[in-house]
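One chain, chain A, links the two complexes that follow: it is found with chain B in the first and with chain C in the second.
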Partner chain A sequence: MLRPDLLIVGAGPAGMSAAIVAARAGLKVVVVDEQPTPGGQIWRGIEANAGTSRGRALGEQYCSGLATVRTFRECGAVYWPSTRVWQVESTLGTYVTGPGGTRVVAPRLVLIATGAQERPAPFRGWTLPGVMTVGAAQILLKNPGSVPSEPVWIAGCGPLALLYAHQLIRMGGVVAGFLDTRPSTPLRETLQLAGRAALRSSRELAKGASWYAELYCRAGRYVPDVVDLQALGTDQLEGVRYRTAAGRVEEIRTSLLLVHEGVLPELHTVRSLGCEIQWDAGQAAYRPVLNEWGECSHPDILIAGDAAGIGGAVAAVHRGRLSALRILQRLGKVAAEPEMTEENCRAALAHALVLRPFLDRVFRPREQVFAPDDDTIVCRCEELRARDLCAALSGSVGSNQLKAFTRAGMGPCQGRQCGLTVAALIAAAEGRHMSEVQPFRVRPPLKPLRLCDLAGLADESRSS
Partner chain B sequence: MRAGQATTAVIGGGLHGLACALALVQRGQDVVLFERSWIGRRASSATAAGVRTLWRDPAEISLSLEALERWYRMDALVGDDCGFRAGGQIKVAESHAEMEALAARFAQMRELGFHHEELIDARELRRLAPMISEHCVGGLIARRDGAADPHRTIAAFRRAVEGHGAVIREGIAVMALEPAVGGWRVVTDAGSWTVRHVVNAAGAWGAQVCRMVGEVIQFGYKASMVFVTERVEQAFRPVFSTVGRSLSFKQSSQGTLVVGGGIQGGGDLEKGLTQVDFRALAKGAAAAQELFPAIRNVQIVRAWTGLEGKTPDLLPVIGPSARASGVFHIFGFSGHGFELVPLVGEIVADCITYGRSRYDIGSFDVARLLT
Partner chain C sequence: MFRLLEDDWGRVESTVTIEIDGYPVIAQIGETVASTLLRVEASWSRTTPVSGARRAPYCMMGVCFDCLMLVEGEGLVRACQTSVRAGLKVQRQMGPRKVGPSC
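Let's turn to the complex of A and B:
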C-alpha cells in the first residue's frame, strides 16, 4: 500500500498549487484527479488549448492557468489522472479507481480540493433532454469542435453564465437570448459594495460590466428580472415559458436551454467524513467549518479552493498554498521558495477575495430556486416531485428519514442533485432556518463504482 | 392516555419494537414507544430485507414458517404488502462437495418433519436464474420465501401503530428502569413514565437495557454491510446465497441489485457510528461477480453498515426477563430477524397480556445467556 505524506484530491488551481509547494519542499505527494489532464474545471484542457484560437477565445484568465499546470507537471508530485476517489475512511485510508485499477492509499494527511458544483436549481421540465447546465456546456466549449451550431438560450444568474456567453460569442456561437434570473439588488447597496470593491479590483469589475454590455448588444434578446422558468416539451425541449418579476409571462421556442444558478462547494467527500459544515447565508450554501489554514473538524484533513467556500480560481491558488504551508509546518518542513510565506499568501488571498462580497450579493439566487412548485421534479434519479416529498413531510422529519420514506437521494447522483432542495423543503415546511436542517447523510462510494472495480480489490488484498 | 403513564413501554423503534407495540394496542393496551433517534434508524433500515425460512437454525424454523404465512397476509396486518415479493430463496452449491452439504441438510429437514426446503439440480437452477455462472451445480430452495422493501415495511408498521393509538416518542433515550409500585418507572432524557410492563426491543443495545434491570448477558453485535447498484433490467426473482461464502444477492422491485450476506464492517455501539469496510465488501462483490458474471460492469451506488445485536448461539432473545418481573425481551436476532417481524411481537404481546404464548419459545430464553 502506498503511504505518501500527503494525498490531494483534485488537480484544479487549489490542488495543483498545494502540490507544488508541498512536493518542492520534499514531501511525498500524490494527486488524484478525475480528468485526463490537470487544470480542474476552470483550466480544463489548457495544455491542448493554449496558443490556439480556442484558447484565446476562452480568455486571458483561462490561459493564465498554463504556467501553474506546467509547474505542477514538473514539481515531483505523483499525479494520477482519470482516477476517482470513491471512499476516504476516517483513518484516511483512501480508495481510488483509475486506469491502473483499484487501489488503497494511506496518506498521513489529506487535502480536499474538489472545487465547486453547479447549484441544482429545479424548475418544471428541467429534466427534459435539451436542458443542460452552463457548466456542462462550458466543458464542451473547452473540447474541440463543440460550439453549438444553433443559437443558444441561456437562463441564469452568476458570473459563469456571463462568462460562458462571452466565450461563446468570441468562438462564433450565437446567444439567441439571455433570461437573466438575477434578482435586482437595491441600487444603493449595489453601489456601496461595488464602490468598496472598485477601490481594489476595478479591472475585474470593468470586465464583468463589459460582459453585460456585450450581452445587451449581441444577444438576440435580453430579458431581466426573470423569476420563474418552465421548460416545455414532451420528450425533448421545445420551448421555454418564463415569468418576470412584473408578472409578464412569455414563451420562446428553442431546443436548447442552458441554465445556471451559481456554484456551491463540492462537499460530498467532506460530509462523508462527518466534518462539520455550516450554512453560509451570504453564498446561500453549506460550507465546511475551517480555520485560517483550511483545517476542518477532522484533525488530519484540510480543505482548500472552492470546496472551502466559493472564492474563484485565484483565491483557490492561495488557499491551496496556505494549506500546503500548514502541512509543511505540521510535518516539519519548510517551503523551498523564499517568497512562499504565510504573509504573502494571506495578502494575495485577501486581494483575490475583495470582489467576493459584491458578487455574492449581486448574484444571490432568487427565492424560487429554493422553493420549487409542486409539479417540479426534485430528485431526478427517482423522478420525485416536490409534491411527493412534501406529502411525506408530516411531523418532524429529517432529510435522512425523508430519503427512507421516498427514496429521494438514493439514485446514482447520491443526492448531489436534490440534497439542497430537500433541505430547503424541510426548512420551509417546518419554519426553520437552513442552518438548522441537516442535509442527507452521505453514503459511500462517493462516486458510482463498477462492481468489478470493487471486486478487484479482493484480489489485491489476497495477493498482499 | 395521559403523558407519563401507559400500560406498556416499548424501548426501541425498530421493526420488532413497532410490531410488538402494534400487537399490544390491538390487545387493548396503552402503549408508549421510545426511540432514541428515529423509527427504523438502525438494523431495520439497513437490512437487505430477506423473507427467509431457508437454512435457518432448527430451533427457529417453526416460528419462521408461521411468520412466512403472515408475510402473505401482510396487507391485512398493516394495510400494505410491504413490498413483499415471493420469488424464493436459493442456497447455491458451487461444487459437488457443496451439493452434498445441501443434500445432508435436506435429509436433516425431512427427518425433523420440515418440507419447505427442496433440492434443485443445475437445470432448474438455470431456469430460475438464466444468468447464473456455469460452475454452479445446483441448490436448495425455499420456493415460498422472498424479500420485501424495508422502508415500506417500516412506514407501514409505523402507520399501523399510530393508527391504533400507540404513542411514538422519537429522539428520546431511556436512561434507566426503576422498580415502581405495580410496575416500572422508565427514566428518559425527557421525563419519567410509569408503566406496568417494559418491552426491550433495543436491538444491538438490548444488553444495555438488560443491565438496567440487573441482567448481565453474553452479547455482541454485528456490523453487517450491504451495497446496492444502479437499476438494471429485471432479470430474476429469487434471492441467492451460497454454501461456501458470505453472500446474499437479490434484485429489488426497483431493479437495483442488493448484495449483502453478513459481511462485517466497522461499528461503534457507544458512539452509534458505523463504517463501511470496502476491503471486506470487495469479497462480496467478487463472490457476486463469480456467481453472476454479467453484472461486472454494473455501478455500485450506495453501501452502508447496520448495527445489530448478536448472541453466542445466533438465536434471538424472546420472552420474559429472567430477573425482572414485567420486563420482556425481543432482541438479538443476530442478522436474521426481518422475516420474523410479523410474528414475534405478537408472541411477546401474548406473554404480556395473557401470561403465555401458544408458541414454544424455550430456545430463546434470556436465561441461557446470563453470566
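Let's turn to the complex of A and C:
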C-alpha cells in the first residue's frame, strides 16, 4: 500500500497547480486522474494540440495550459492517468483502478479537485440521440478534432456556449442557429455589475461581448429569450420545437442539437464522504462548505478548483496553490518558490474572480430548468418522468426516500444527471428553499467497478 | 453526426481500425470509442434497459453513462472514457446487461 503525504484527485488546473507546489516543497504526492493526459476538461489534449492550427483556433486561454502541464509532468508528483477513484474512506484509505490494476492509497491528506460537470437541464426529448451537451461537442473539438457534420443548432445559456460557437466558427464549422435561453437581466443591474467588473477586467468583458457579436452576425439565426425546448423524433433527433418568453412557438429541422445551461461543481466524491454542502443561490448550485484554504468539514480533506464552487480555470490554479500552501503548513514544509506566498495567491484569486458575480447574474439559468413539465424524463437512467416523481412526492419525502420509492438516481449515473432536478422538485412540492433540501446520499463505488477489479485487491493486500 | 476537421492531424499513419457491431470503423489514435462512434451513420451506443429506447453519448466526460458499450476484454464500459486501439471490438449494449463472463 502506498502511503504518500498527499493524494490529489483530478489533474486539471487546480490539481496540477497544487501538485506542483506540494511536490516541489518535498512532499510525496500522488495524482489520480480519469483522463489519459493531464489538463482536465479545459486543457484537454493540450500537449497534442499546442502548436497546431487546432490549438491556435481553440484560443489563447486553452494554449496557456501547456506551461502548467509541462511543469506538472516534471514536478516529481506520481501521476496515474486513466485511473478512476471509486472510494475514499473517511480514514482516507482510497481505492483506485487503472491500467496498473486496483490499488489502495493511504495518504495523510486528500485534495479533491474533480472540477465541474454541466448542469443537467431536462426538457422533453433530451435523451434522444442527436441531443448532446455543448461541453461534449467541445471535447470532440479538442480530441479528435471533430465538428458537427452539418450546420449545428445550439441552445443554451452560459459562457461555454458562446466560447464553443466562437471556436467552432474559427475552425470552419457553421452555426445554423443559436437559441439563447438566457433570461433577460434587468438592464440597470447588468450595467451596474458590468461596470464594476469592467474596472478590473475589461479585457475579459470585451472578449465575451465580441463572442456575442460574432454569434449575432455569423449564426444563421439568433433567437433570444427562449424559455422552453422540446426535442422531436423517435429513434433520433429530427427537430426542435421552442417557445420564447413572448409565447411564440416555432419548429426547426435538425439532427443535432447542442445544449448548455451552465456548470456545477462535481461533488460526487466530496458528498460520498459526508462533507457538508450548502446551496449557493448566486450560482444556483450546491457547493461544499469551505474555509479560505479549501478545508471542508472533514479535517483531512481539502477541495480546490471548480469543485469548490465555479470560478473558472485561472481561479482554479490559485485555489489549488492556496490549498497546497495550507497542506505544506500543516505538514511542516515551506514552498520552494519564494513568490509562492499566501498574499500573492489571494490577490491573484481575487482578480480571477472579479467577473464572477457578473457572470453568475447574467447567465443565471431560467426557471424552467428547475421545473420540468410532467412529461419530461428527469432520471435518464431509469427513464422516470417528472410526473412519476411528483406522484411519489406525497407527504414529506426526502431525496433518499424518493429514490427508494421510484428508483430515481439508482441507475448507472448514480444521480449525477437527476440529483439536482429531484431536489428542485422536492423543494417546489413542499414549498421549501433549495437550501433546506438535501440531494441524494452518494455511496461508493463512485465509478463502475468490475468484480475482477475488486478481486484485484487480494493481490494488493498480499503484496503489502 | 460529426466529421473530422482536416487540419494537421488527419494523416493516415495516425489511424487504427476498430470494429463496432462487426463493422470496421477508422479511428484516430488517441481518441475514444465514443468519439469514433459519433462519426458513423448510426451513432447510438445502446438501448435502455427500461423502454429499449436508443441512447447516444451525451456528455463525453463520464457523467451520463449513456455511452455504455460492450468492449472486448473490458465488459460494459463508458465508451467516452475508453481509448481506441487497433482491432478493438465494440458492441452496442442492447437493453439490460446479461450475466456472463466478460473480463
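The definition used in the following text is that the second predicted complex is superposed on the first by the 459 of 464 C-alpha atoms of A that agree within 3 Å, B and C clash if a C-alpha of one lies under 4 Å from a C-alpha of the other, contacts with A are read in each partner's own complex, and residues count from 1 in each chain.
By definition in this document, a contact is a pair of C-beta atoms (placed from the backbone, for glycine too) under 8 Å apart; a residue touches a chain by one contact, two chains touch by 3 or more.
Owing to the predicted nature of the structure, the values given are computational and were not obtained by experimental measurement.
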Touching partner for A:458 - first (chain B), second (chain C), both, neither: first
Touched partner set for A:412, first chain B, second chain C, both or neither: both
Partner chain in contact with A:404 - chain B first, chain C second, else both or neither: first
Which superposed partner A:97 touches (first chain B, second chain C, both, neither): neither
Contacts of A:140 with chain B and chain C, given as first, second, both or neither: second
Chain B versus chain C as contact partner of A:368, first or second or both or neither: neither
Partner with the higher number of touched chain A residues, chain C or chain B: C
Touching partner for A:450 - first (chain B), second (chain C), both, neither: both
Intersection of the chain A residues that touch chain B with those that touch chain C: 411-412, 448, 450, 452
Interfacial residue positions of chain A with respect to chain C in the complex: 34, 36, 41, 45, 48, 52-54, 82, 117-118, 127-133, 135-137, 139-140, 143-149, 171-172, 235-236, 255-256, 266, 380-383, 411-413, 416-417, 447-448, 450, 452
Contact footprint of chain B on chain A as seen in their complex: 87, 89-90, 95, 104, 396, 398, 400-401, 404-405, 407, 410-412, 414, 443-445, 448-452, 454-459, 461
Complex contacts: residues of chain C adjacent to chain A: 1-5, 7-10, 27-28, 30-32, 35-36, 38-39, 43-44, 48, 50-51, 53-66, 68, 74-78, 81, 83, 102-103
Chain B residues touching chain A - in the complex, by the definition given at the top: 38-40, 45, 151, 154-155, 170, 227-230, 254, 275-276, 278-279, 281-283, 285-286, 288-289, 295-304
